[in-house]
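Just dropping this structure here.
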Amino acid sequence: METDKNLDAYQEFVKGLWRDNPVFVQVLGMCPMLAVTNSAINALVMGGATLFVLIGSSFLVASLKKWIPKQVRISLYIIIIATFVTVADYSLLALMPGVHKELGAFIPLIVANCMILGRQEAFASRHGVRFAVLDAAGMALGFTLALFALGSVREILGNGSLFNIPLFGDTFEPWVIMILPPGGFITLGLILLVFNWAAVRKQRFMQQVAEAERETL
Amino acid sequence: MIKKEPDLLIQATPMLRQEMTTPRAMLDVWIALIPVILAAVWFFGVGALLLLLTTIAGGLMTEWVFTPADKRRGVMRDNSSLLTGLLLGLTLPPGLPLWMAFLGGAAAIGLGKLIWGGLGSNLFNPALVGRAFLLGTFPIAMTTWSPAMGPGHFFEVQGSLFALPFQTPVYDAVSAATPLGLMKFEQQSTALSKLLIGNTSGSLGETSGLLLLLGGLFLLWRRDLDWRIPTAIFASAALFSGLLYLVNPVQFPGPLFTLFSGSLLFGAIYMATDPVTSPLSPRGAWIFGIGIGFLIVLIRGFGGLPEGVMYAILLMNGATPLIDRYTQPRVFGRQARSG
Amino acid sequence: MNELVWIFISALLVNNFVLAYFLGLCPFLGVSGRLDTSFRLGLATTFVLVITALCAWFLNTYILIHAPYLRLISFIVVIASTVQFIEMAIKKLSPALFKALGIFLPLITTNCAILGLAIFATNRGYDLVEGLIFALGAGAGFTLAMVLMAGLREETELSDVPALMQGTALNLIIAGILSMAFMGFAGLFSST
Amino acid sequence: MHSLNPMNLLRGSFRHGVHPAAHKEQTVDLPIQRVPFGDRYLMPLGQHIGAPSKPVVGVGQRLYRGQIIAEPGAFVSTFLHSPVTGRVIDIGPHRHTDGTFKPAIEIEADPYATQQLPPAQTRDWKKLDITAFIGEVQRAGIVGMGGAAFPAHVKYSIPEGQQITELLVNGAECEPYLTNDHRLMVERPEALLRGIEILLEKLGAARATIGVEANKPDAIEILRDHLSPDLPVEVVSLPVKYPQGAEKMLIKAVYGQEVPAGQLPRDLGVTVNNVGTVVAIADWFDTGMPLIERVVTVSGPGAAYPSNLIVPLGTSVRDVLSFCGGLRSETREVVMGGPMMGSPIASLDVPVMKGTSGILAFTNTETLRPPEYPCIRCGRCLEACPYFLNPSRLARLAKARLFSEMKDYRVQDCVECGSCTFTCPSGIPIVQLIRTAKDNLAHASRKGEPT
Amino acid sequence: MNQPVPLPSTREPGSVRLVLSLALAGLISGIAIIGVYEATLPTITANKARELREAVFKVLPGVARMQRLEFIEGSLQPTEGGAVNDQTLYGGYTSNGDLVGYAIPADGPGFQDTIRLLYGYLPKERKIVGMEILESRETPGLGDKIYKDLVFVANFSNLVPDPEILTVKKGTRSAANEVDAITGATISSKAVVRIINEAHIRWQPRLPSVAPAMPLPDNETGPETGKPPREIR
């Protein structure tokens, strides 16, 4: 792809992790984000499933874009995504029935995660296969990162454990609310607060650096 | 003769102000609650005082830490966090570990107030946000009630108060069911005289019906509370519980028990009337109160929890912007506003 | 009958789609800025939910019994085309309603509450009436959450929310407190 | 939330309102004194609501007391008369009470003149038809004396098809400190009743009611003593409450009727006149004296010797104050008008005008504003607002600069009585915020912006 | 951001092509899904069956074989798969085919959401001998004790459901038809008891104490072909 020339592979991969993080910055995929993050393992499995679906569909969309008619592209994307989700759903059911039971209806609901459809429309359909996959991987990893952050905070406080390994011994008093729905909302709200704070600090720092540079010139 | 022309100020009229100030109004609620605090200490020992101090400290410290330095002085002087901490403390069970109480105070101020932009901006009663947080977080500790004692046990502080942070408390006293718990799970009523005096188990400040009413009268006299809200709550709770009582007097308590048990009095007089989170207009106040009364009876009668005052108030707090919006007062010389 | 009441109350209050199941969060966080918009979106969503429940029951009874693996893909395709069809139908039959709901209908396609409803109703094996009551309860619950949220958000516009909290962060905290308040409904009508 | 007030249950009041301390005891028993003539007088051309008057004299021209110096600039405008015998020394911008410079006629008094009015022409009001009567009222330069200074002749110009049945004389004087109307009622009841007689006959009203707040028992008694059985006049004692003197509130208090928004009292067949206005009408027809002087209360903790004074219009505040002992050194602010709705002045060199009812000096005790706390939506302002507005919401909208949304909350109906600010425990200057918002809205609508 | 590439096809494709491409996509997707489905089906079926067997064996101690039964036209008949409904239960047999008891699925509203459970019932002794929660969303730390608290679960290993099971305050169990409630989770405890009581009223008159139907041979895995309509979430 000609226009891919000015893309940097590393940049395309990394942007989803922090700068354009789908959760913290774009506020997408909130539904699985909150529903399945009551433990770290659930969060990771959900992240993995999303990674699989996103990379798979981005790869397909980017490779097939020449043959996809514009008018029906959204329907086609949805069919592609739904196919991958079904595949993921059945594979998980076969391989990890325990986790699948916990995630329940939220695996099929990956279809409705607007982040995935969004990447197809905004990126994969306009770029080469290599960059589409890198972008998808970055975004999905960023999503997984956010899921994991939320999931581990909620599990550590709400259950005193991480990956079901108790961290604080038997006498730890769990913060039950953290694994209940309100805990999900509140924790994510506070994580966003910290993220905003870090972003502001970083921006201020960059400004200072820029000013310092200007002064030295 | 004018000897020296003063530097004249140009401050807009009105030049006169009435005397009541916001910090003073907060202080009034404090004063109204002093008998209740004393009763809590009488029934539950010095531990009650420790709990109250801890929630207040938790709130004040949170406020101090998260308020920008230039605003601290004004914010700390408006007495509102002092009141929030006290109100929260009075809704806690007497044996709650202090570290949980501290956390509750922090949550009340942090989640209930600061995040919204401070006093006047919050849309949910901060003390109740703190309590709901605690109840959701430590459901067992928050529903383990110790029985009311007497002055003989005044200096016996329960060991559970001093549970180490993040550790499960160990209770040394036998827990006792609250009048509401007895009613809900064992269909046992409690004598009205006990509810009025307050020697039952329950939250620190909710047990003594008489003292709560007394404080309410003081606030009414000081014109610090909207009398419509408690009146509406009492009326609607009595009405709905009366209807249920008529249908099934075994399962549902009568109106008097409904009014004087649990934290209905405390909630109606001191929590629901928080001006910031209740509707402004008189009509709105009625709707708000009736809604709270209805929800209390609904949750107590049909829900899974024996007590529903806190949730009822929080839910109606959530509806307050809508109520306010549709109950704008009719402007002088105009027809009633439609929508 | 009692069962139906419980299904409705459960979807409306106890297990509110938004506040307990996290379904429909995108519009809940994104479109709840204005009260009238929220209310209309709630109504439109309820309408689509009911239609979806109908379709899901039909699919489950007549098609998916033979080909369960097509469940997800058929649901999503049916939902997308239903929304499209409803949009066209409303446009033709009631331009006024279309004007009121119009712009929200496409948004509903990506609302996971719709797909979620279909999947939950299937998982629980609801029959047609149960499914419809479930959809009504879920839609009413969604509308309730949307309207409460919109009222609260409009109010926060008048207060000095700290810059760091503005936007999604505060909305999530509001949702969290609402969700805490809805915990009061736990066990409602299940013990009588 | 505070309408437990049993007063609300009695007849004869409006709902809501506030009860500021009256502070009238300093001047209530002091007879009206005449301020001696000074040497300079400043007559602003815009002392009334409406278009400014147009000067009809030139610089250097000699004037006699009561001579017309300016004529109406429009229908809603009136005549100005020279308060003294003297000479025009300047026509141009001078410091106005609002702090700006506005056109005024400066007159130098003739130190040797007797300052007598020229011999009165006989004006037999009984022979005048309504049009001529209205012309006479305008010719006398009479405006509403309660503070708003709305030209009286406009008020009496009743459109075709309407009929005034009720003459309501406003003796409420609800503003704290002010006692000028009170003293007028006590000292000149005959003139007041004579003015009522004239108005009743000329406007064709069926009866007159004098509304007086109950804290002026002597005025009520004296007026009742002077009533004659031929004249259908009633004196009504009203519960003390601010802002009873606002026209629509007084109507509500006396007749129990609300004037619909956007309508005028005359739409209900009522005309409301301040006692000062009625006396001025009587004076014009009895003695031929146009509106060239008025009663002013000087009071407040900063005034050395509080007094009730007859002041020739155009006298500078400084001269008035120095006549009654000047200001105490603690004075921080001087307000023209009442303490609730009056306006502070930046300089003592501004003149007393037709609408000046008081000159009040305040010290630190009143001027120190309490620290401002956030609005806690206690609802006290809702209970105070006589117009049943939602001042709390208006103030919050104004602070968020959502001015156009304030229209939905009827900000335009606000009369800026200040009850909300008076009552606010958080010390929020609500009425000032509302004024700012109204200014902004007016500005936006002048520019034709969609609001 | 990146420069978007104009979409490759600028010419308006005909509607035939649109339909064709959609159909093609659907076809390919269908094939893919069926492939995966076929590939995973044996494992999934085995997992489900194992889960079910484990649950049945747990609530009916001493059982070696099981058979899915359905109450059709007044009698219990062995069935294969199909929708699990109010008429379905599982028979438990000894290894030589004698009926031991029934494992009965039941559900109902709990504190938070629907509780789904399985209880073992011995028709001869008219006794409940086991209870297993299959699905619940009860409050962690409180309501979830209905399956985490083994003392509570043990209440159901020797319980007489007639005339009806009563929930009593913890530590006061004194009769064979009483269950000790969990402190602080009275509602969840009562919900479990109520669900079993309701199911018992429905099933009790239908259950013959002798084997109504022999297990089909080689049937231990309880064939669960087709869609498991009440999927265990």
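Chains here go by letter, A, B, C, D and E, matching the order in which they are written, and residues are numbered from 1 within each.
The working rule: a residue touches a chain if its C-beta (ideal position, glycine included) is under 8 Å from a C-beta of that chain, and two chains touch if they have at least 3 such contacts.
None of these values were measured; they are calculated from a predicted model.
Least step count on the touch graph, subunit B to subunit D: 1.
Chains that touch both subunit A and subunit E are the following: B, C. Looking at A-C alongside C-E, one finds more C-beta pairs in contact between the chains of A-C.
Seen from the Cα centre of subunit C, the chain whose own Cα centre is farthest off is D. Think of the whole protein's Cα atoms as having one middle point; the chain whose own Cα middle lies nearest to it is B.
Distances between chain centres, each the mean of the C-alpha atoms, put D farthest from subunit A. Averaging Cα coordinates per chain places subunit B and subunit C 33 Å apart.
Chain geometry summary: the mean Cα position of subunit D and that of subunit E are 85 Å apart. Centre to centre, using the average C-alpha position, subunit C and subunit D are separated by 60 Å.
Rounded to a whole number, the gap between the C-alpha centres of subunit B and subunit E is 45 angstrom. In subunit D, no residue reaches two or more other chains under the touch definition. Multi-chain contact residues, meaning those touching two or more other chains, occur in subunit C at positions 69, 73, 123, 159, 165, 170, 173, 176-177, 180, 183, 186-187, 189-191. Residue positions 111, 115, 118, 120-121, 133, 136, 139, 304 of subunit B are each in touch with at least two other chains.
Annotation, chain-chain contacts: A-B, A-C, A-E, B-C, B-D, B-E, C-D, C-E (touch as defined at the top).
By the touch rule above, subunit A contacts subunit C in their complex via residues 27-28, 30-31, 33-35, 75, 78-79, 82-83, 85-86, 89-90, 104-105, 108-109, 111-114, 117, 177, 180-186, 188-190, 192-193, 196-197, 200.
Remark: subunit A residues 1-4, 6-7, 65-72, 75-76, 79-80, 82-83, 86-87, 90-91, 93-95, 97, 101, 104-105, 123, 125-127, 158-159, 174, 176, 179-180 touch subunit E in the complex.
In the complex of the two chains, the subunit C residues touching subunit D come out as 157-159. Subunit A meets subunit B in the complex at residues 168, 171-173, 175-178, 180, 182-183, 186, 193.
Interface residues of subunit E, counted against subunit B in their complex, comprise 111, 139, 141-142, 169, 181, 184, 186-187.
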